[in-house]
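Below is a structure I'd like to ask you about.
Letters A, B, C and D name the chains as they come in the text, with residue numbers starting at 1 for each one.
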Amino acid sequence: MTTALFEARGVTKRFGGLTALHQVDFVLDRGIASIIGPNGAGKTTLFNIFTGLYAADEGGVAFQGRPLLGLRPDQITALGVCRTFQNIRLFANMTALENVLVGMHARIGLRVWDVLARAPRFRQTEAALQARAVALLERVGLRGDPNAVARNLPYGDQRRLEIARALAAGPALLLLDEPTAGMTQGEAGELMGLLRALVADLGLALILIEHNMRVVMEVSDRVTVLDHGEKIAEGPPREVQADPRVIEAYLGAAARQRRPRAAR
Amino acid sequence: MDLPLLIGIFPQVLLDGLILGFMYALIALGYTMVYGVLEFINFAHSEIFIVGAFVGVEILLGLKGAGWLESLPWPLVLLLLLVAAMAVSGLLAAAVERVAYRPLRSAPRLIPLISAIGVSFFLQDLIRLVESVWRNAFNLVYPTLDGLNHRFELTETLDVSVKSLVVIVAALAMLWVLHMLVNRTKIGTAVRAVAEDQAAASLVGIDVNRIISLTFLIGGAMGGAAGVLFGVQYGLINPYSGFIPGLKAFTAAVLGGIGNIPGAMVGGIVLGLLEAFAASYLGLLTGGAFGAEYKDIFAFSVLILILVFRPKGLLGEIVRERA
Amino acid sequence: MIRNLIRPASVLTVLLTLVALPSASNLEAQGKGTIKIATQSPLSGGQAALGEGIKLGAQLAIERFKGGLEKAGFRVELVPYDDQAKPDVGVANAKNIIADKDILVVIGHLNSGVAIPSSEVYKEVNLAMISPANTNPTVTDRGYGNVFRVCGRDDVQGVVGAEFAQGTIKARSAYVIHDKTTYGQGVAEFFKADAEKKGIKILGFEGTEEKSNFDPIITPVKAKNPDLIYFGGIYEQAGPFFKQAREKGVKAKFLGPDGLDSSDLAKIAGKAVVGMYYTSVAGPVSVYPQAKQFADEYKKKFGKNPEPFAAQAYDATAIGMKAVEAAVRGGKTPTRDAVTAAIRDVKHTGITGAVEFDGKGDPKKALYFVLQVASENPEKWGDNKEVKRLTIAAPAAKK
Amino acid sequence: MTRAALAIGLIAVSAWAVATFPRSILVFLLFQGSLLHAYLAPIPRWLRVALLAAALLVLMPVIGAYNGYYLEVATQVGIFVALALGLNIVVGLAGLLDLGYVAFFAVGAYSWAIFGSPHANLIFGGGFPLAAGWFWAFLVVGLLVAAGAGVLLGLPVLRLRGDYLAIVTLGFGEVIRVLANNLDKPINITNGPKGITPISRPPVPFDVSYAEAFYFLVLAIVGVVILVNRRLEDSHVGRAWEAIREDELAAQAMGVPLVRSKLLAFACGASFAGVMGVVFSAKQVFINPESFTFLESIGVLAMVILGGMGSIPGAVVGATVVTVLNLQVLKGLSLWLNELKNAGVTVFGLSLADLPTQLEPAKYERMIFGMILVLMMIFRPQGIFPVRRRARELAGKS
């Protein structure tokens, strides 16, 4: 039996008395998978568990056959699972270039001693890192000045920068939390083109959390639907779209929106 | 080791610790109220507190100078001191918030904290400056109120003075009033709403700035009252004598669960008892190798241990993304 | 942007400074043949009254004795420094002092904790320090050639206290409290050691930095019910302690060193300290027969009674000036080495008695007093009665 | 060209003025101002370096010959510059508010004080003080011990949220001070409040005075500290610290190991303080716990905040301004006021001699620190010398 690239089994997470996730299974081998669901369905919580920010109460997560539970977020990143955030979390006062350079942290093999001594090794490494960072910025389509401070970038560029920063760690699996939020349909389309190209060129696997249904239907190979912390549907986009439970969840969600957020 | 002695002083140490604990509890209220609403450590609260003590001593010295101190009944004098100190400290706390914290409310959380540390130091020397010009002295002695100093000998080894009872009664009364205020009144509801979610509170028509000012006012007033009681109980104050009690009161607030009013009382009493027992017994138990000089280390260790091992909202709060 | 802001600003500073320059230089001009005597004592803070007394005592002495040097063509000046009773401030001042080559003698300090490190600095250039008040044995026990004192020592003060406790108070047990300062802890330890030797039972020995709440310390004291409480420390802290102790019903007699010698003690503790005993190397000026004139002059000039140590500072300054006069050769400003050497040979009969230094810089004989607080009224602090007087030679250095 | 001439001229004139009026504080301030001017003036880099080097290496010692106190001030400034740079790593770069920083300074100071004085005989019997040459070894010992203390403190507390971390470090700083004050029994380790003296000073080569030797030593250490600071800042280590300051969670998600990076920041900051502690104890010949109070920690914090968090020139200038303010300006005001009082000057019919004696400008350092902290936070949180983001040379960019 070959192991899948990424595999989650029976993930359960409770906050106090509230069960945010209940027995969620998720498997991904290649391509783009999307996770959708109404607000409060547990999507971001699932990401947080995948990337080590939360510890799951039950269940297991494995990447390339290695269990991830119990690892710190930075260790998981070092293994090749990287993410972006729903509300952009750039290092606002650092430049675009520096943001990307931080993303490479896990891949830098220098010791403090190399830094202090400014050994040739250090110079070579820094030069190489910088070249790669510039290339990455261009790759995600950031055409502005790499030395611009992140907080001064336009919104769309901040989203792109966040992706570049995540790519800097050299992931095999990239988790994007609402990458098109706040974008126009045109920008979103452009971004999707980029994502598809990344998958094709780098052999990346992608997991998206997305609300923009057009995007989801267009790029996803598979869609997983969460509602109330439970997986209610999974499959190719067309199938999921037709699933009565999904339709009910989304229609019902309109009423639920007004309820106070419970999971805090 | 002298066992009968150790047992003999036990009730007295217990009582001393309780009194100290109530004092800490009163000061802790100021920290806990502000933290509950803004998640902000009002570092300057220790000076708000000692300002209350200075207001008290100035009134007493004024009354003494005018020759009225002996003729007035002590409960009246004490009430006057408490009211005046609460007013001054409360207003000062609200003013500090307005000037030094409000402009920074949206900044990263360390920024207002640093500002608060600055206010704390600034106020210490401001008190010193004012008293130096006014009295040419800043170590001030509380004139004795004879009625307050009366002692009841309960047993041979246990006695209690009126002023100690006053501390306990006043602390309990104020805790009760505050508890009622926060939980049973409209203002209290508004305070709790702001604590829960400022944006939402303002949406339902609550003037958030006013409520925050009010929070500082109430917390400061509690501190001012504590200041008067501190002065009456221990006698000598200077501009710097608020700092260490303030830090310990903060410890008490954290110990009891910061943001939680009954918690402040529990924390204060536990800390007061711990400190009293450490100071009284450490020397006796170790034959003098360690002694009362280590009592501050006990308090600070409690602070460190509590913060390290009960890290409230460590990750859950920072990662407050929608689940 | 910053550049643009700061450059004009610094130019402005420069201009301002240039304008201010002449006045500043006038203020600090050095005349030829000026001899300066520096005082170092706390001029601010809790012990400012005592420190001010040292400064004023020295000032009076300079005015009284400068005639000889002025005739020889020198100007004599007093340079007061504020050591704030802090060691690091004292050391920084000391470096400032040794940088001023006109300063030939330092009168100071009040606190031994400040005098010890500062004198390490004076020693670098062999600048004489004559202490009016430092009673810690270490001050002279280091055997530095440039360090002198005109007062007694803590080890003797502790001994005097213990002797008084045994001989006069007839105490059989004592509880010792100190304030965890160089001075307070030092004298408390000497008291304890000697009291134990004399058969007084030491029921407890406790140090504390606490300034206000002494409850937890008093409770064990009360339970052990000693005949005597010895407080090694300063009046600021002793006051609340004694007050709270009496309030809590502690009946022991109180005794302490000269750190308790301040009218502020009565201000803080009121009737709690009436009847308290304290040992002193100073004693009120009224104790010295020759000092009447000094006290009158002081009062006339400064409008207040001399504080403790003012008379000692007066004598120390007089000794310093005598030595400077002796060291003057052919109208040239003497070297610090010459002055320091000359102090060793000075025999001076001052208002606090005859002073002559032994090899370590201690007075060969020093006076010690035990006084008793007479009244709770701070104004009447000067009426405190002398209850015992001892003349004791400094002990030889223990190596 | 005129700019260069102005910079050179100012330094020359002010240095000459200091030599002419060696006791005027204002003139010495002028000299410091001329150095700042040279640093900021738009002059060629080589000239700036040459000017500052000449001023610090040659002029300052010469000034010291005229008035040794200024050399002392310069040395103190240097010590605080190193402390500010150390704290700058912790607070400015990594964003960890450390309110007990002076504890590491104390650890370094006590490590040499105990073994470099006869005091160690009380613990180990005999053989102390160590030969003066050991001082050099203790520079390393102080560094290691302080870094170790940083790690020991850091391990349990670095996971705490920012404001709690601040309070815990405050508590730690007080614990260290109280321990130093109390560990004269049962075993006499620190000699308690009495402090330790005399502490050996390092052997001095040639015919240099101790004051000059310490000045150059401190200057050299500050140079190394600045170098280390710059190299760290300009590497993945520094970037990781800044990322943590900006967004701890995102930094971790990007592969930055939080605890290890924070520990490194703590250890680096602490080690600078440790080294300077060793120098401080030897320079002072005497140390006691009073030099290591919370006030000192806040003073160093005020230096960092004033200069600009995260900014190396900011820390240098902040430390200089605050130290000079404390040592010279306030004290100068006190002395001046005293002279005016003695001279019987009256202002608006009020005799200055009647001013309360407790009114001493020198005693209001807390007010100064407090004002710096509050005003900077409200009006200029980035400090007077904010970090300038270095624009990188981008080879591959068309």
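Keep this in mind: a contact is a pair of C-beta atoms (placed from the backbone, for glycine too) under 8 Å apart; a residue touches a chain by one contact, two chains touch by 3 or more.
Predicted model only: the values in this text are computed from it and were never measured.
**Q** Averaging the CA atoms per chain, pick out the one whose centre lands closest to the mean of every protein CA shown.
**A** D
**Q** Any chance you could check whether B-C or B-D wins on number of contacting C-beta pairs?
**A** Looking at contacts between chains, B-D has the larger number.
**Q** Approximately how many whole Å separate the CA-defined centres of subunit B and subunit C?
**A** Computed value for the inter-centroid distance: 38 Å.
**Q** Just the number, please: Cα centre separation of subunit A and subunit B in whole Å.
**A** 47
**Q** Could you work out how far the Cα centre of subunit B sits from that of subunit D, in whole Å?
**A** Those two chain centres are 34 Å apart.
**Q** Between subunit A and subunit C, tell me the centre distance in angstrom, where each centre is the average of that chain's C-alpha atoms.
**A** 72
**Q** Any chance you could list the residues of subunit B touching two or more other chains?
**A** 288, 293, 296, 319
**Q** Among the residues of subunit A, which ones contact at least 2 other chains?
**A** 53, 85
**Q** Residue numbers in subunit C touching 2 or more other chains?
**A** 180, 207, 209
**Q** Flag every residue of subunit D that touches subunit B in the complex, lowest number first.
**A** Subunit D reaches subunit B through residues 95, 97, 99, 156-157, 159-164, 166-168, 170-172, 174-175, 178-179, 181-182, 185-186, 248-249, 298, 301, 305, 356-359, 363-367, 369-375, 377-378, 381.
**Q** Could you list, by residue number, the parts of subunit D that touch subunit A in their complex?
**A** That would be residues 228, 231-232, 235-237, 239-240, 242-243, 246-247, 249-258, 264, 389, 391-392, 394-397 of subunit D.
**Q** Residues of subunit C touching subunit B in their complex?
**A** Its residues touching subunit B are 46, 180, 204-213, 215-217, 219-220, 222-224, 236, 239-240, 243-244, 247-249, 264, 267-268, 270.
**Q** How about subunit A: which of its residues touch subunit D in the complex?
**A** It comes out as residues 51, 53, 72-75, 77-78, 82-83, 85, 89-95, 97-98, 101-108, 110, 112, 115-116, 118, 122, 126-127, 129-131, 134-135, 146-147, 149, 165-166, 168-169.
**Q** For subunit B, which residues are in contact with subunit D within the complex?
**A** Per the touch definition, subunit B meets subunit D at residues 40-41, 100, 103-104, 107, 109-115, 117-126, 128-129, 132-133, 135-138, 247, 250, 288-290, 293-294, 296-297, 300-301, 303-304, 307-308, 311, 313-314, 317-319.
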